[in-house]
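See below for the structure under consideration.
As written, the chain order gives the labels A, B, C and D, with residue 1 at the start of each chain.
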Amino acid sequence: MLKVGVLGGTGYAGQELIRLLFNHKEVEVKHIISESHQEKEFSYVYRNFKGFNDTVCEKMDLEAVANEVDVLFSALSYGVLMEKLSQEILKKVKIIDIGVDYRFMDKEEYKKYYRKDHKSIELSKAFTYGLCEWNERRITDSDHIANPGCFATAMELALLPLFSENVIENKVIIDGKSSLSGSGRTLSVGTHYVEANESTKPYRITNHPHTNEFKKAMQLFLDKNVDITFVPHIVPIQRGILITCYTIPKLTLTHEFVHSIFKKYYCNTPFVRVLDKGMYVETKWVRNSNMCHINFEIDKENNSLIIFAAIDNLIKGAAGQAIQNMNIMYGFPQTMALDFIPTCL
Amino acid sequence: MLKVGVLGGTGYAGQELIRLLFNHKEVEVKHIISESHQEKEFSYVYRNFKGFNDTVCEKMDLEAVANEVDVLFSALSYGVLMEKLSQEILKKVKIIDIGVDYRFMDKEEYKKYYRKDHKSIELSKAFTYGLCEWNERRITDSDHIANPGCFATAMELALLPLFSENVIENKVIIDGKSSLSGSGRTLSVGTHYVEANESTKPYRITNHPHTNEFKKAMQLFLDKNVDITFVPHIVPIQRGILITCYTIPKLTLTHEFVHSIFKKYYCNTPFVRVLDKGMYVETKWVRNSNMCHINFEIDKENNSLIIFAAIDNLIKGAAGQAIQNMNIMYGFPQTMALDFIPTCL
Amino acid sequence: MLKVGVLGGTGYAGQELIRLLFNHKEVEVKHIISESHQEKEFSYVYRNFKGFNDTVCEKMDLEAVANEVDVLFSALSYGVLMEKLSQEILKKVKIIDIGVDYRFMDKEEYKKYYRKDHKSIELSKAFTYGLCEWNERRITDSDHIANPGCFATAMELALLPLFSENVIENKVIIDGKSSLSGSGRTLSVGTHYVEANESTKPYRITNHPHTNEFKKAMQLFLDKNVDITFVPHIVPIQRGILITCYTIPKLTLTHEFVHSIFKKYYCNTPFVRVLDKGMYVETKWVRNSNMCHINFEIDKENNSLIIFAAIDNLIKGAAGQAIQNMNIMYGFPQTMALDFIPTCL
Amino acid sequence: MLKVGVLGGTGYAGQELIRLLFNHKEVEVKHIISESHQEKEFSYVYRNFKGFNDTVCEKMDLEAVANEVDVLFSALSYGVLMEKLSQEILKKVKIIDIGVDYRFMDKEEYKKYYRKDHKSIELSKAFTYGLCEWNERRITDSDHIANPGCFATAMELALLPLFSENVIENKVIIDGKSSLSGSGRTLSVGTHYVEANESTKPYRITNHPHTNEFKKAMQLFLDKNVDITFVPHIVPIQRGILITCYTIPKLTLTHEFVHSIFKKYYCNTPFVRVLDKGMYVETKWVRNSNMCHINFEIDKENNSLIIFAAIDNLIKGAAGQAIQNMNIMYGFPQTMALDFIPTCL
């Protein structure tokens, strides 16, 4: 039985992680770290845990918790872990970081997107990028995982096969639609119910950090430089993200051919499904699951190939993929604790 | 491995049942019956099943399916099963009816609430009322279960302990709040998105059939006649119901005493939780689960005891309780396939 | 042209007031006071005003603004106005207070509900209770109005005719459903989108201040002591409140008779509509308007008369009623700037 | 006082039209035509009209109504008006068609998008395209108006200035987000509350009829052929659309320069607002109004100019623009009955 600790357990990704790990047979959550709710029962903060879990949230003592658990999941906000992490701690414990601090940025990029100086950027190289469907072998051999961002996960799963097969130009436009849970649990006017409900809007136009993450991932996996224009939008839903990728085919494509490319890369993966022709992705069909749905349409008139992907941002885009990474690291079946059907209703 | 069939599998309760049974180790869903989608793949109708299930929906042939399965769940609309069911079929197969046709009404009551003549009212007595927490012994010995209605489940779980201990008057007012999934998948103006969204309203004022079901249940379990005024309201949420029960104490009550009554009846049940003083129920804390949360408040100034209960109407109020009934019938742990934490987000 | 100032103009009620006054022919909004957004353009805070209004929000200087305007609307949170108001200011300017500070509480009641010591409770008697349909004559003669609370408005409009005609017992149960805008613009976990969306819950069980306001209003208008049990609930909608009032008839009532009572009191009022038999109130039918819809149902079996009322909490329950009060004070038609049809969509 | 008739008055656009015309001083709505609700009171169908309007819906007799009114608004579904309209009727009455039947398609295009044979395509040339901000002079001289589609309105207002100034390439990608009211009042699984709520999805990928309308408008106004890839998405909101237009600058652009282009075309129009740098459009800021908000961002790194526009689909995208057209036709101020501030809450 693996002993697990969760840093930032009372954020939304943290809560999902603890909820999903409850049904993982090989794991026990021993420590929940939450600065904002220390010494409160976790089930007081999240009353859905009433009767399931009487763990008390602890304050952050990274070294102490590193000594007591086998795996540490971090669901901390940007800028917290990078202040505390050290080589010594990395040696003591496996870390799966759902946060952004070690997701292959250099110091300048981190500063650009997060307006903070990174205190331990050199530790980044100890982290393997945890895009499970594309990096399984390296994850198997890793002790530390940088779990991909939610939009980045969807983008990469949707476009890596096409770039890999060299059938689209290196210039893509991605229009993203995000649920509100993507903004986390920190209060703000923009996420106040009355302000967010019944409205849709763009945000971080052309400067979302997942743009950078996507470009780096293309270099990592395919050694390719890709230009990407990415505009995310907020839509008033609880969970889920949808991306619409406008690409330019390098050759005349048929639906069957593109479908065969996706099949080639994903037919043996448990969580990526390419929909049949005429079926479109919808966030509800993947809600509360680790699934990624993909579909595409060819617009011959405008020489355009449009790819859609939908995931649950808190699961495949955060906690679920983190567990999938742990499963790979420990040789458990990838689907352990993740083998459930989306709740479409 | 039990072989199971689902009648009305493409309705919301049916879909939930099939989704939850996917994770039940002792059961295999062999037949999905759907008049409206016959010969279509179930995963075409519910795309969350894409890659999980390739069952094709069948048209209704009750006798045939009764011959091939051990347990038949019915999630049919009112008035369908009562046209087809017979003593012969009852002998062949165990039936758990999520529908209303055999939920202890007499012919007149059925006509009053459903405006149809019941064609097989005499079969009602073959059905045991499946309120698991209060009827476990009888369920164990039964072959046919009438699964309680969603509002009725919440009402009975909230009030049976208090009536049983004789601490409240036999006259209660219940104000109900229902999600839209309670209205099912059949299209109507009232459930059209633009009409239902951003609005709340009462419906079936004083003539909801669960009023009758509740009164019958009080007679069945406690041999008591209870007057109930019940007004349900629609609130624009996907799933969940909440009831607010206004009762009159027969004696001076303390919070501790009332809490001890609930504890007496529910401390050993896996799905009913009585919240601590000052914590209020909220539908999200039980969403996507078989849990029932209860809290209460004493209004001394007005000599009033107000009890609140929240359940997920599609799970504890339908598919989940149906599985709980099956688990009891077969001696499986009650929590089998139902042992998951609510998804509050 | 009346010169008007708005205290607390960037709260939700303040914004509605300014929006509605834009179409009032006899009024010009000269000053918008907002501590939280001082020196920002109002149209920067509320971008729906882009191009309509270039007023800059000012910090609070009560005396200064009182010198410059004819009417001062206050939409401040509880506890702010009571710190600043004085007899001198009352002499200088007409005040219509949408807030709670002078809504006929005594010092103890204020402390009980708002946990603060009231600093100028003696000024309360300078304020007339602004329930327009019941207090028009006194409002005409008043310089200072305490605008009724949103739930209190609905309760009083629904029940005053019945108490006045002495047809119901002095003990009522009221179950309220409130939109999120009722909680204002101040951030809190409970009003964070992801927490509030897709859920419903009770709050302030049995200790909501409108309980007290309602009782006081019954004394004021009818010299009656009424017992009321009131439980408000949050439903995830933007605006609107609905109340369900469970009352006990003193005599055998017919639908026609009760309807005639409501007609008697409201047939000449522009904003209260009693629906025909079989038509139920719904918050959307009054959304974005100053209307109050009422319907009722008699439950003979349980000797119960159930009355429903719906209003838009920000308009009839706040800004609209405030303008209606001003219209009465100045002898304008009551409907001036309020004569628009609800936007049901 | 103009006498007005509304065809298809009980659809959503029809209802908005009747609601807005209630406050139009120069107009009286004399006839409401509704096949689906004939002989019912309009206020029975839309209870927000209770007490405002006692008009009874009539069945369709196009000739009769044409004889009795000055202006006929048509808010009929596609394919209805084209069956009934004739040269004779066109001579009798001014028509403003919110529907699609005469929006400059040829017979093949109509068939392609609506899968019906157009019965009176030759009448199209009697209709002037009613994009008020760009076609005012011709509208002034017209008797019959084809009111632009909602997405087309947003696209054209956002892009015409840039094409007119020749600063962007003739190839654009437009990603649209539509509210549910855009799908109308006809029931369907996709617009059933439980199916549409809490989800987002693309629809009519690359074959939405507004694609064609936009291209035709570019030819009409600028004599330009423009390639457009347009993918609309559904987001779960009541009203409002947002478009994100990805364009390629022909030269190096500065924010100031692009802003000045928009200013040039819209500084004297009452309903189009270009937001200041750093302020982004959001559907709520134009909700319940005839406003169009536009903002843009230059992505130098990828040589991309991204323009955003938001309108209320039922007002600026339908009923409001129709009234604006009537105002122009009759020489009323354009803002008559449309001069209200958006209700952002």
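Throughout what follows, a contact is a pair of C-beta atoms (placed from the backbone, for glycine too) under 8 Å apart; a residue touches a chain by one contact, two chains touch by 3 or more.
Keep in mind the model is a prediction, meaning the values are calculated, not measured.
Engineer: Based on the averaged CA atom positions, which chain is farthest from chain D?
Structural biologist: Farthest by centroid: B.
Engineer: Across the interfaces C-D and B-D, which one involves more C-beta pairs in contact?
Structural biologist: Of C-D and B-D, more C-beta pairs in contact link C-D.
Engineer: In whole angstrom, what separates the CA-based centres of chain A and chain D?
Structural biologist: So the centroids are 39 Å from each other.
Engineer: Could you tell me the distance, in whole angstrom, between the mean C-alpha positions of chain C and chain D?
Structural biologist: About 36 Å, centre to centre.
Engineer: From the C-alpha centre of chain B to that of chain D, how far is it in Å?
Structural biologist: One centre to the other, that is 46 Å.
Engineer: Where in chain A do residues touch two or more other chains at once?
Structural biologist: Those would be 12, 181, 194-195, 198, 236, 238, 282, 284, 287, 345.
Engineer: Help me check something: in the complex, which residues belonging to chain D touch chain B?
Structural biologist: Going by the criterion above, the answer is residues 12, 180-181, 185, 187-189, 191-198, 236, 238.
Engineer: What residues on chain D touch chain A, complex-wise?
Structural biologist: 171, 173, 175, 177, 194-195, 198-203, 205-206, 227-229, 231, 233, 235-238, 240, 242, 244, 246, 280-284, 287, 297, 299, 301-302, 304, 306, 308, 345
Engineer: Which residues of chain D touch chain C in the complex?
Structural biologist: Contacts found on chain D: 12, 15-16, 19, 22-23, 46-53, 181, 198, 238-239, 273, 275, 279, 282, 284-289, 291, 293, 314, 339-345.
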